[in-house]
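Labels run A, B and C following the written order; every chain starts at residue 1.
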Amino acid sequence: MDSALVIFEGANLTRLLGGLLVSLRIAFLAVLFSLVGGVLFGILMNSKNTVVKVLCRVFLESVRIIPQLVWLFIFYFEMTKVFHIHIDAEVASIIVFSLWGTAEMGDLVRGAISSLPQHQRESGFALGLTKIQLYHYVILPQAVRRLLPPAINLVTRMIKTTSLVVLIGVIEVLKIGQQVIEISIFSAPNAAFWVYGFIFFLYFIVCWPVSLMAKWLENYWASKGV
Amino acid sequence: MVSDKVLLEVKHLQKSFGDKTIFKDLSLTVRQGEVIVLVGPSGCGKSTFLRCLNGLEDYEHGEVFLDGKAIPGEQKSWYQVRQKIGMVFQSYDLFPHMTVLDNILLGPLKVQKRTKEEVLQQAQNLLERVGLWDRRNDYPSQLSGGQKQRIAIVRALCMNPEIMLFDEVTASLDPEMVREVLDVMLELAKAGMTMIIVTHEMNFAKAVADRVIFLDDGGIVEENTAEQFFTTPKTERAKKFLDIFNFKE
Amino acid sequence: MKNFVKTLAFLMMAIFSVFVLSGCGGSKQANSPEDIKKTGKIKIAVFSDKIPFGYVDKNGNNRGYDVYFARRIAKDLLGDEKKVEFVLVEAAARTEVLEADKVDLVLANFTVTKERAERVDFCLPYMKCMLGVVSKNGTIKNVSQLKGKKLIVNKGTTAEIYFTKNHPEIELLKYDQNTEAFQALKDGRGVALAHDNTEVFAWANRNAGYKCGIESLGSLDAIAPAVKKGNKSLQQWINDEIVNLAKEKFFHKAFDAELKQDFGAVAPDSVVVEGGKI
């Protein structure tokens, strides 16, 4: 039990929470950009233009096939080596996670849009809606309901995957946890258990409200029969 | 009821899907207040013809005139024209995420930019006429098929269209609900609305139509008054077609 | 809609090309000591969780043998030991941070190897790593005592390679994990355990009754600061610094300050290198 106290020694607690803030800042901004980018990308993917389609496919597959870690290295190290652009590690992380999120979210949006019956578009057009109005009032609101469960899944995956950013030197919650464990090796041999447990708890209280909100929205929409 | 003024004129319309020609050289004149019923075997192009009239389908040749003005074939101009042409489909019409009232208000408010008070007043009048004002805050999933189709008609009417197109609006309804929808259409016809109706309800067609057009093999086979078409059709093909509906032992 | 799609596609391409093109201008040289003096700050990559070489203490301060040296470099180059910016790295990114100009110097327990020397320039070593053998009460004092007995090693480590090659007469007991291997020693499944001496020093210090009978053995790994490939002026400055610091036995002081508490009563010379002379 004494090992648990490691969390509260010195500045450890504030450092862990500070690390969590870094994780959340990256995740939150990346999710925000992914939502906006994903919707636009999803609409693009539904385009009938073959060139646009192929470009979208190439983007999606390259983001998927190349591991996020490699993307982090590309944006943080290779960009500097090849183009001499210095991108701050945290900014690079946000860019990479946004690209990843945009690609994945875009594919979800594409799926949700194409799963809507054709008649929905046609009755929208028959009312004189323009294409943009159609997406705004008819297609996207319905697509959002369909893609909520997989999108929430993606968001929590993004939050958890932020721990990768340590490899380009961003010190987030998991890394601080490892630092705390390392210095406690003599004084508290079981520190790892408690520190990881505490970090698990932190991730949980972040992801839990997201799932709760998703569940609430689903029930809310279900009560409307959508 | 039917005036002399020509509202809609279709000249030499041609449409094909790939190699398959749906119709070639189809012409039709619709006068204000006229109710035209299109009949014909499945796949004869009735629905496709209606969809060409409000730009949901492209066509290769021909021209469409509304109020004497040619509608250019480009997509952009259709947004304008569609406000004047109301259309009701077979099913899946209403937007499931909006209440009845929001479904009805969407077009008038967002497309026509009319004021909410005015549209609301009109929506109330129309909904009361079809007996569904008390269901205005319901979602489509809470309504029966017949109720949904009546709402879809109200939604189209609320745009103040000059002409209404009905594409087999009762085809996917349970039999006991067909009547309530047809009654609404009949009442509309009496009120002088110009309508083009595609239907398989022959008794209804007889009751509502000023003119019946029998389409087959990519063209108009027979054009006749409702009375004559159903009692003494001019063509053999029309006779054969009508026989299908007359159940004889 | 077609126009909308085209505009969007165009916009994405435009953003991308601006992003790429904006970078295509001028190439940057690595910072010389003069450049560093101008900016008034040296960036040094250190570990943040490798006690006792580079770690962060409970108050969030960088500590360790590498950090101790890093602060001294800042003091001698810039006149203030606070004028160092620590960039925390993972082992896998140590060459990358130099190649991408993220830091001026890497001081992160960086073992000199041929492969690495092709991508970075190593300075003179300031530490060395050899094998150590720990046993109960330190009874095993030379390799000949191990003949016919069981020696515990970790799979894939230098220790395993060394004993397989040079002392086939000693029976090896191999484990995957550090913790397993040390536990096996405690359980008495082998008479001794061989590992990097820095590892066994720290472990013996923490476990009463165990001592390092053999403190340095086998091939020697040099641990040295590294600069970006081609940064000769900084490499030279660091080398001079290391040579100069030998006069005051600086690395022995560093040992006392940072390693002693962890390693206990081992001879500093089994790890510390002064003046770059191994």
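Convention: contacts are C-beta pairs under 8 Å (C-beta built on N, C-alpha and C of every residue); 3 or more make two chains touch, one makes a residue touch a chain.
Treat the numbers as computed from the prediction; the structure is a model and nothing was measured.
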Most distant chain from chain A by Cα centroid: B
Per-chain Cα centre nearest the global Cα centre, belonging to chain: A
Euclidean distance of C-alpha centroids - chain A vs chain B, Å: 47
Intercentroid distance (Cα basis), chain C paired with chain B, Å: 80
Separation of mean Cα positions, chain C and chain A [Å, integer]: 34
Shared-contact residues (touching 2 or more other chains) in chain C: 1
Residue ranges of chain A in contact with chain B within the complex: 117, 119-120, 122-130, 133, 137-138, 141-142, 145, 221, 224-226
Contact footprint of chain A on chain C as seen in their complex: 1-2, 4-6, 8-9, 20, 22-28, 48-51, 55-60, 87-90, 92-93, 96-97, 99-102, 206
For the chain B and chain A complex, residues of the former touching the latter: 51, 54-56, 78-80, 82-83, 85-87, 89, 91-97, 106-107, 110-112, 139-142, 152, 155-156, 159
Interfacial residue positions of chain A with respect to chain C in the complex: 9-12, 15, 40, 43-44, 47, 49, 52, 55, 73, 76-86, 131-132, 166-169, 171, 175-176, 178-183, 185-186
